[in-house]
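Chain lettering (A, B and C) follows the sequence in which the chains are written, and residue indices restart at 1 in each chain.
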Amino acid sequence: MATEEERAIEAIVMVSDRPVEPHLLAQLLEVTPARVEDICALLAESYAAEDRGFQLVRVAGGYRFQSHPDQAPYVEKFVLEGQSARLSAAALETLAIVAYKQPVSRAQVAAIRGVNADAVIRTLQTRGFIAEVGRDPGPGQATLYGTTPLLLEKLGLDRIEQLPPLAQFVPGPEIMDALERSLRADPAPAPAPIELRQEPGRAGGPYQDDPDLGD
Amino acid sequence: MSGIRRPLVYNRPVPYTVSTPVFEGPFDLLLHLITRQQVDLWEVSLSAIVDGYVATLAEMQTALDLEVATEFLLIAAVLLELKARRLLPGREDVELEEELALWEERDLLLARLLECKTFKDAAATLHRTMESAGRSWPRTAGLEERFASLVPDVLAGVTAAQLGDVMNALLVPKPQARLLLDHVAPVRASVGDAVVELVDELPRAGRITFARLTSGLVERLEVIVRFLALLELYKQGAVDLQQAVTFGRLEVVWLGLPDDPGGTEEYDG
Amino acid sequence: MATEEERAIEAIVMVSDRPVEPHLLAQLLEVTPARVEDICALLAESYAAEDRGFQLVRVAGGYRFQSHPDQAPYVEKFVLEGQSARLSAAALETLAIVAYKQPVSRAQVAAIRGVNADAVIRTLQTRGFIAEVGRDPGPGQATLYGTTPLLLEKLGLDRIEQLPPLAQFVPGPEIMDALERSLRADPAPAPAPIELRQEPGRAGGPYQDDPDLGD
């Protein structure tokens, strides 16, 4: 039976997406770092003794769960067969936003795309195309993302500035019309005040036959 | 009119913190009024309803947002409409139809209240489910780096130009759907005009019921304006109004025009 | 001791950043999906029996590792960003409507809530809880919305059908009576007032003990 300390470490390390420093675990559990090292060693041993398909290992100064090396053939199969071989439209959009707007937060990406981008950002990060490049200095200190040298390499670019410049956006007439309408504070010229009956001519709406949108 | 169940909580010191109710839409608020305060829509006075709103708004003022305030206005309008329907003088010839319409409206409102309550309770369960699921965090670490080289080259065929195109497409402003109401020309009726019309019509009629006087009118607003014009004339002593019983027939008797008709206001639709 | 099949599943699920479908696991292990379900059930049981700080659960149509709920106090301290911000009551109610009525249009949601639902729907969409799932074939071709796998993950459910049936929430006869009475079109004398009982949780509310309330 796992002890409370063991369980807490299992839970934290399981949900972390990077190795967790023993120092940090010690702080969270209110024990000494040496005690954390002991507990982690015990846990790693128990997984080995039970012959689990995963391990608890110490890498890059911290602890993480990973697949057992002898299960690599299955994991490789999973990577090759289980994942789609092309970037989804959502991933491509997210990549474009990060490339052009970096450094950029998840919230900003979501705002431009109009849908949540968390899963896509994680995927792009896993693929090594984007990386965390800093923290927003404002409240919340959101993580900021930017593109990686790997992406430049894949795109055959030297520097990110070599991305094609964004088109100077020239709105078409129907968009101008829509914008004009939504900006207008007082959409209709006020009708004559004491009119009980509607003028038949107004049935089509005020803009239908009004060529002069500029006033 | 029966006694009013005022929200007494506002009239005396509250011994403990009352959690601020947050209403999700007019049906929600109506539901609250009915279930918490036992308001009988048909018997309660409008001023009590308005008082209730004002008090609730005051209670919510720390967290008042526009949406909530708008919802309040909407439900107030719904209540006023229902109430006004009973107060407006009936037209005898269509009374049965109106009565049926009233029942229909009431049944509709009842159905919507039940639906509102159903989804309110469902939302509460959804919330609890989400809260309890939120006690667990998923593992999202993903692939270890040693497998990274195996990952199919998903960027194969993707060019910088393509990325630019995607970005350009994203930056095209999407026209916001907007409901334009300006083609609905507001019906405007002025009490002043109605007074002039009545002064022309009434001396010829002498004595006439209000139902008859308004039988040719299509818009509800026009009927109301005529009624206001009558009150104006009554105030000036030009007509006498007789009604035997509440909600009964309203009779108008022409008495003659005093010297000056006086100023009247204009009412907008 | 874990079997080879168990170990393979442990390894694969460990490296996945989203729930892994039993169908895919079956393909990778060359066993039947039913067998996968059995193995996963055994694994989940063994973690529970060993009192681990993590769980293997089935959500949104697949299996994933997650932290044990009773370790939330520790994980909360670790995951600074916390679970995404709470949903407003309006958002929850809209979500309930979409969940039970899907596919559903904005207009239908607005009709039930009695207020415009556009802003709330946009929020839910940005958070990835609902998505456009089609178009109404009728005139106007309104966009139809449905819930997403991400919502299932947030709810910890495998399928949306696991939500309790809507019928369960339909108000009981006492509530119906009370509403019916309140909306009586006939201003004639009302029957003796029925005390409308609140849900037990609300007992002791400010109106409960007021003798004037009964009219």
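What to note about this one:
In the analysis below, contacts are C-beta pairs under 8 Å (C-beta built on N, C-alpha and C of every residue); 3 or more make two chains touch, one makes a residue touch a chain.
These numbers were taken from a predicted model, which means no experiment stands behind them.
Innermost chain of the displayed assembly, by C-alpha centre distance to the whole-protein C-alpha centre, is C.
The most distant chain from subunit A is B, comparing centres defined as mean Cα coordinates.
Inter-chain centre distance (subunit B to subunit C, centres taken as mean C-alpha positions): 31 Å.
In this assembly, the C-alpha centroid of subunit A lies 41 Å from the C-alpha centroid of subunit B. Rounded to a whole number, the gap between the C-alpha centres of subunit A and subunit C is 23 angstrom.
Residue numbers of subunit A whose C-beta contacts span two or more other chains: 14-16, 65-67, 75, 122, 126. For subunit B, the set of residues touching two or more other chains reads 137-144, 147. Residue ranges of subunit A in contact with subunit B, taken from their complex: 14-18, 64-67, 72, 75-76, 79-80, 83-87, 91-93, 95-97, 99-100, 112-113, 122, 126-129, 151, 154-157, 162-167, 169, 171, 174-175, 178-179, 181-182, 187-188, 191, 193-196, 198-199, 202-207.
Residues 137-144, 146-148, 150-155, 158-164, 166-168, 170-173, 175-176, 178, 180, 182-183, 185-190, 193, 222, 266 of subunit B are the ones that touch subunit A when the two sit in their complex. Taken together, the subunit C residues at the contact with subunit A in this complex read 1-2, 6-12, 14-18, 20, 24, 27-29, 50-54, 65-68, 70-71, 74-75, 77-79, 122, 125-128, 131, 150. By the touch criterion given at the top, residues 2-3, 5, 7-9, 14, 18, 22, 24-28, 31, 34-43, 67, 70-71, 74-75, 86, 99, 102-103, 106, 109-110, 112-127, 129-130, 132-144, 147 of subunit B touch subunit C in their complex.
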